[in-house]
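Per-chain residue numbering starts at 1, and chain names A, B, C, D and E are given in the order in which the chains are listed.
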Amino acid sequence: MSSFADPIVDGARRARPVRPRRAPVSRLGLILMAPALLLLTLFFFLPVALTGVFAFTDLSTSTGIGRGDYVVTPTLLRQLGDKGLSDTDAEAVARSSVTVDAAGLARARAAGVDDRFLDEIERRFMGRDYEAPAGFVRDLRGLRTAPRRPRDLKSAAALFETSVLNQRFATSQALAAQLEAMAPEIAPAVRARIVEASFTGARFTTENFRTLATQKETARLVGNTFLYVGATLSLFNVGLGLFLAVVLFYMPKGASSLFSTLWLLPRITPVVLYAVMWKWFTWEGGFLPILADQVGLPSFNYMKGSVVTAWATMITLNGFIGASFGLILFSGALRAIPLQQLWASEVDGASRWQQVRRIILPQMRWPILFVTAYQTLSLLSSYEQIWLTTNGGPGRTTSVWALEAFKTALSNYTGNLEYGMGAAMALVLVVVGLALSLIYLRLFKFSELVGRPKIEI
Amino acid sequence: MRLNLENFTKCFDGTPVIEGLNLTVEDGEMLALLGPSGCGKSTTLLSVCGIYRADGGRILFGGRDVSALPSQRRNVGVVFQNYALYPHLTVEENIAFPLTVQKPRPSAAEIARQVREIAELIHIDALLGRRPAQLSGGQQQRVALARALVRKPDVLLLDEPLANLDAKLRLEMRSEIRRIQLETGITAILVTHDQVEAMSMCDRVAIMDKGEILQIDSPTQMYRSPANRFVAGFLGNPPITFLEGRTGPEGRFSMEAGLTLPLPSHLRGMPSGRPIALGLRPEHFGHGGQGQATGRVTFVEPQGREMLFDVQAAPGVTLRSIQPTRDDVSIGDEVTWKVDADRMLAFDAEGRRL
Amino acid sequence: MRLNLENFTKCFDGTPVIEGLNLTVEDGEMLALLGPSGCGKSTTLLSVCGIYRADGGRILFGGRDVSALPSQRRNVGVVFQNYALYPHLTVEENIAFPLTVQKPRPSAAEIARQVREIAELIHIDALLGRRPAQLSGGQQQRVALARALVRKPDVLLLDEPLANLDAKLRLEMRSEIRRIQLETGITAILVTHDQVEAMSMCDRVAIMDKGEILQIDSPTQMYRSPANRFVAGFLGNPPITFLEGRTGPEGRFSMEAGLTLPLPSHLRGMPSGRPIALGLRPEHFGHGGQGQATGRVTFVEPQGREMLFDVQAAPGVTLRSIQPTRDDVSIGDEVTWKVDADRMLAFDAEGRRL
Amino acid sequence: MTRNFALFPLMVVITLISLPLMVMYGFLILDTVTDAPPGALWPDEFTLRHWRFLWDMSAAGNVWKATLNTAVLALSMVAVVVPVSSLAGYAIARLNLPYRRFFLGGILVMHAFPAVTLLIGVFFVLKFAGLYNTMIGVILVKGALMLPFGIWIMKGFYDAVPWEIEMAGVQDGASRLTVFRRLILPQVKPGLVALSVFAFLDGWGEYLLPRVLAPGSDMTVMSVLLNGLIAGDDIGYDFNLFKAVGVFYTLPVIALFAIFQNRLMTIFGGGTKG
Amino acid sequence: EDYTITVWSGGTGDTSTYRIDAIKLAAEQMMRQAEIRGDDLSITVEGQAWSGWDDFKQAFTLASEAENAPDIGVSGHEDIGPWSEAGLIRPIEDYVYFDTWPLNTIYPNLIETATFNDRVWGVPQDAEARVMFWSIPALEAIGWSQDEIESLAQRVESGDFTLYDMLDTVKTMQDEGVIEPGMGFGPRVSNGPDYWQFYQSFGGEMSDPETGKLVVDTGALEGMYGFFADAVEKGVVSNTHLGTEWDVWHQNAAAGNYGTWHGGTWHKAQWQNQFGLADFFGDVQYTLIPAGTEDGRANSITHPLVYLLSATSTEDESVIAAELIAMASAPDINALHAVKSAHLGISKDETRVPFYAADEWLSAASSRLAPHTNAIPNNSDFGTFWTAMYQGLEASWTGASTPEEAAQTVADTVKQSLGDDVVLR
């Protein structure tokens, strides 16, 4: 609050034009904002940022999230072999030996292995070399003092073993050091390549976007998404919403509130229940197929049984939720039209249709634009209902971008969760969403919404 | 066209707001419906144009019963208080609207001709391309009027058409509306609660209270001889001052607080001791007359051209006087001013004029 | 306490709304800030009370610079146009609020005493238990006043306190507010755009336009001798009529349309051919004087006690006259009425009074 | 409305359009207490069998536990969203914040942008906070995702409080905090109530987040339990049982909605007037 | 000592509860042993079953990433590849001896499925065969003799009777009105290892036995996609069949509405227990999945689930968990699962458990089908291939692309993401 402590002592002597003083920052405001900022940062901004980062990685189930070790596996050696690792080097890397020596015993003692057991090992096997660890373990199991639990015995045995194969190292240096100790003959450059390739974690890449840009599936998904958003929006969120709002507008209060309650139900019904109500309505043995059967129309699972009915079902069931949004908004806008205007038009001789078309609808442009804008975003990025109903089926004919992103990243049959790819797809949505939002902010004269605080001190 | 309301009744939610009202507006006449807020003026108007259905009685246009007709078929022009212009249409389209919904729809050229004609009459032909939001209040007002007139309605209804205008514009529009009504010779009802407006614009004024019409008369007549105390109190600004007292001996009137005044001459013969109320308008105090009153000035209000004085003539009795601006009287002075007793209005205990 | 604004400047979004304004309100004085909508009245007020920060200049309370103090520490009472009562608190709690947030907080008994005291002064002691929503407009008005006064502010600011009241109540509250201001002897600024209100309630009136103060004077003085054309046009109802023309020979004034009138006597010596505007108030036409004008009556407006006449004295030149109600003149009559030339106001081309 | 137009055709049209909803919700209730023969539209038998899940935990799992979890989630949503939004909403509506425009724009954008697509990022944060597979994690995430909506709604309500009240408060010598606490908060009670109801409804119906972020059986909420009744490769589905559980699950919501319908309408209207 | 061991199990419906319950039984036994030994040991087993796979795999993966995972996971063996690479699981061979009872009795080829990078990561929990089922009444109705029906299994096995012969057969059924149109062939309704069988039927190989690299056999893919496209073309299955509800499929299968259909050995238990199939052997013939062409072979895929140890447990918990797994793999305990869910046993000894041996279906399947089964490879990249394969199947099935295009897309996709680690044929 000290920023305005320098009072302009004599305004008369100041040069014009006046430079307005900035209103001081409200410390209270920052304090009040703090909890919201904290939560939003943690669970909104940070995830957005992370999505942005992940999108440029090959993060997946097998890389794990946010970590990575250095492991040389037989598979890796084979792969490196394909890329020119010489057989001798590969063998050197794969080499593993067990030596019972003083150093090994010291290591074991330090690791807390039972002394009597070690004594017995020393007595029986001192100085012996084993080709493979399995033989050593077999020998150890023969000892009288061997631990009862396999784990204890095997970890004791491992202390006498030198090997890099299948060992997880936390850092590249640790692996490199071990490799050098074990197979000093390998050229440093080759070693470096091995270490580099042995990393199990995610790597940065732009591959995700290249894939998205080139695969044919993308076009189909984008098409589906357009169809879904466009049809739902125009037919239901705007079309039906507007229709309902206008019809209810002309109805007596009681009936109007009854129907608006009915149309609000889809919005407040938990999504799981709502999805199943539609299943009940459209599946074999459900209401519509039975009805169709009784009147002799084709009767099958409309939700999944044919592409056309699946689309129709999916759009309708989403649309019924969206319609309530339009209904509420449009109803509000309708109520904002002065009643006298309607009276005037009636007195002027307009029929209802003329009233609706020529007086009401032209004045609904703004709310229609708003609903369209707002719901485009919601529809673009929501997938819960689709997931729980058609789940993109039959086949993947009704899948949309957001659902596919979710499935790619987090939910699929093979458990092959491609976080990186999913994030890339999500990022596309984020960018599209942001771009649209910015356009809308322009469109809706955002600056008028922002009105400066009127208390300046 | 002559307009009759016969025994007209209107209820909201079962309670009658207007009951058995009778009203006739002569052909070509402009009648003001004047009354306090909530007295039922708008209700009457909206029933005439068919927005509300009458719950009883009949509404006749030139003798034809229109009570059962929907608005669309009554051929009434209405100017609403907030104009109710269609904001998305240009002025031209606004005015044309009633024509375009007619069946059969007139040709575009015909519509354009009629719109232009009325626009010229109302002096808005220069504005036809604009939208309502680009017009000033007075211009919007005119557009509303044009829209109401364009299809040559049988009856023109104006519901507080000037309420939203600022004082200066109000003054202008008053004469403008009257001019147009006179020129078109249309039967009109003007609803207002502004007495100046009612008196200045109309042939006759109907004063309404609580759903009843108390008096219908020409403005001057109404001001000079109100039928009852309500009307007297309603008209006049600054308002009339009522003095409650009794007739005394010798044609005098006396109040409990001690003030006595001569009665108006036509009442001098009244028996003494009868409770009456005298109404004294501020312009009849301090300008001459047979009576006089003395008191201390408690408040002086310069209003530019004139000044308002409150004179306490007796404990609790304040007489108000309006006079051309003068500098010789100030708060606390004691004054003795004439009272024009003959022009005082007298009412009996029930508020009836004596 | 004396209030000074020195070179006060206020900008919104970088553009100055008020620039270098100087104003002094004497101790115990009530000053009206009068001006058209948007001229900066509220802005000035809100800067005085510390809601807005001055962008230049100083604000002094009794000589002490308060420009940098936040509202909470300025000790100003404000009555807002819509009263801004706290709807969830009772009248008593509303009035007590300023006391309960004082530090140190007075005892409950002390608060109750002070609230009662102010409530009695303002005649609302019977309402203390109610909520704002249960009060009439006038009562809410009083509560707002009580709340503003309860902590004995140095300065009382009233921002259009009467704008939301109906005509009758407005009349009452005018004298009421003035009474209280006089009784408490508090320095006050009243913001209004209603000239009658300004003139009737205040010791002095400051007329403001576009962020500038044009004239400060007593109401009567201001009406009689406005400093410029804006002030002359702003005060007076019905408004003054301006006639644009030039000085002619022999101390006369003539318009292109043909009308000529004698100049006011103190201007008779002016060289001829100079463009000037004459302001003729309706009460100076038709009441006597040296000049006279002839024309046809185009409009008659009975207003009860008085009548307004529009007289077309030349093509496009309409003179307005207000006279006590008379029946002998009607539309279309030709009349010749006196013009009180000496009381006409004359302005030069820049609008300055001559 | 005036009586210049006929009502009857409208009634017919709207009833026809609403028919699917009427059927679905009608049968939703009806089917919980009846049985219908296969292939028939109309039930022929009254039964309370479908409600056995209330005491028979083998029918649909532990519904009481799930109800409790759901209630915890829903109430926590209220506890997180309402206070945080009302504080932030006030700051954003009324106080001088640096980058206030930026905040407002951000809130508006986020409000319009359901963030479920950011689930991977969210998971990552939870993983680091050690909150994966905990109810608290779900609550915080869900709460944060709802904040833009809440703040926007509350801002709308604050905007409706006349500035003059605030000015009067300051003028009366109160600090901004006092003004907020004693003068402004009481004015936005309807907003608080509406937002509370809304947060509750939202938490009550949530499916995705608990499903993904707290899969442990201790945290099973009703929506997940309900979906479990019908998902999966090899469970015979029993629509009637499902609907009974569904009705049991949804009834509180519908009741709440019925009570607060008008206020919710204002929230919708107010919250979206941007 | 108090231990709480959590077990999460995927794909686990009502008949397969012993995936978890076996651990509970083992825990009980271990506590008794401890009691006798005089140790103070108390183990609580908390189990959670997922009926689907996507939820389970998501939960297990994310929980492991968040170090919040259960001690034991029961999942398909193919998850060993990615999960071990990511370090989500520990090799169980560090905790148990595979050369002592009961683990030493487990079929070596099953152990092989639990092996990756030369280490044994899990203990197989069950085995199975995936089967082509045939409606005996329908075959009879189109005039097949008892003999023909009985010899079908041999003819399929020898490659004599191919998938296209099957299509012709069911087409005949439909044409003769024995089976409703579109119901002749009832394939699995969702993704699953089953579809790899058809890849194999057309000569496809999932991975190269020599190098362990994945093999994308475009020709086999084309053949397989073409087969389903032809089936749709012939009208014996609808183009929207994928995504049908499982329930509907089960009902149709159990009611004999399909001419042929394919599923798993365990489905028999469901049809009998939940869908009212009374006379399985009287109504249903079963064979390997027929070969598609001469290049291909009749085959069946086994998809053993394995008990896995989470890497996020403490060392002590893992020791206990591993011992529990070993104990739960004892023939008599495992047989409970096998018989109840109609999965195949994991060891020779198990088939000798009288309870198991008495089950006609299990012994028949064990002898007729099990020897011909192979498993999908453990390869951390296999999921990529699988996902692409299924998407291609969806695309060609629904007619979104031709079989050729679809196969090419798969090859491109896999090649693009795996590069040198895959062999194109």
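Keep this in mind: a residue touches a chain if its C-beta (ideal position, glycine included) is under 8 Å from a C-beta of that chain, and two chains touch if they have at least 3 such contacts.
By chain, with names taken from UniProt: A = Sugar ABC transporter permease; B, C = ABC transporter ATP-binding protein; D = Maltose/maltodextrin transport system permease protein MalG.
Since we're looking at a predicted model, the values are computed, not measured.
> Starting at chain C, how many touch steps does it take at minimum to reach chain E?
Counted as steps through touching chains, the separation is 2.
> If I average the CA coordinates per chain, which chain comes out farthest from chain C?
E
> Upon optimal superposition of chain B on chain C over Cα atoms, what rotation angle is obtained, reported to the nearest 5 degrees?
180
> Is the C-beta contact count larger for B-D or for A-B?
Answer to which pair has more contacts is A-B.
> Taking the mean of each chain's Cα atoms, which chain ends up nearest the overall Cα mean?
D
> Compute the distance, rounded to whole Å, between the mean C-alpha positions of chain A and chain B.
70
> So the centre of each chain is just the mean of its C-alpha atoms; given that, what is the distance between chain A and chain E in Å?
Centres of chain A and chain E (C-alpha means) sit 29 Å apart.
> I'd like the Å distance between the centres of chain B and chain E, where a centre is the mean of that chain's Cα atoms.
92
> Counting in whole Å, what is the centre-to-centre distance of chain D and chain E, each centre being its mean C-alpha position?
Centre separation, chain D to chain E: 41 Å.
> Taking each residue of chain B in turn, which ones touch at least two of the other chains?
In chain B, the residues touching two or more other chains are 50-51, 70-72.
> Could you list which residues of chain D touch at least two other chains?
In chain D, residues 2, 4, 123, 127, 167, 170, 212 touch at least two other chains, as defined above.
> Touching two or more other chains, which residues of chain A qualify?
23, 65-66, 343, 346, 351, 410-411, 454-456
> So in the complex, the part of chain A that touches chain B is made up of which residues?
338, 340-341, 343-351, 354, 358-359, 362-363, 365
> For the complex, give me every residue of chain C touching chain B.
Its residues touching chain B are 167-168, 171, 174-175, 195-196, 199-200, 219-220, 223, 235-239, 281-283, 299, 301-305, 308, 310, 322, 324-325, 327.
> With touch defined as at the start, can you tell me which chain A residues reach chain E in the complex?
By the definition above, chain A touches chain E via 60-67, 69, 71, 73-75, 78-79, 82-83, 141, 149-151, 154-155, 165-166, 168, 200, 207, 211, 214-217, 220, 283-284, 301, 304-307, 310, 390-397, 410-418.
> Within their complex, state which residues of chain E touch chain D.
Chain E reaches chain D through residues 11, 13-15, 46, 48, 51-52, 55, 58-59, 62-63, 65-68, 190, 245-247, 250, 270, 274-275.
> Contact residues on chain B for chain A in the complex?
46, 49-51, 70-74, 76-78, 80-82, 84-89, 97-98, 101-102, 147, 151
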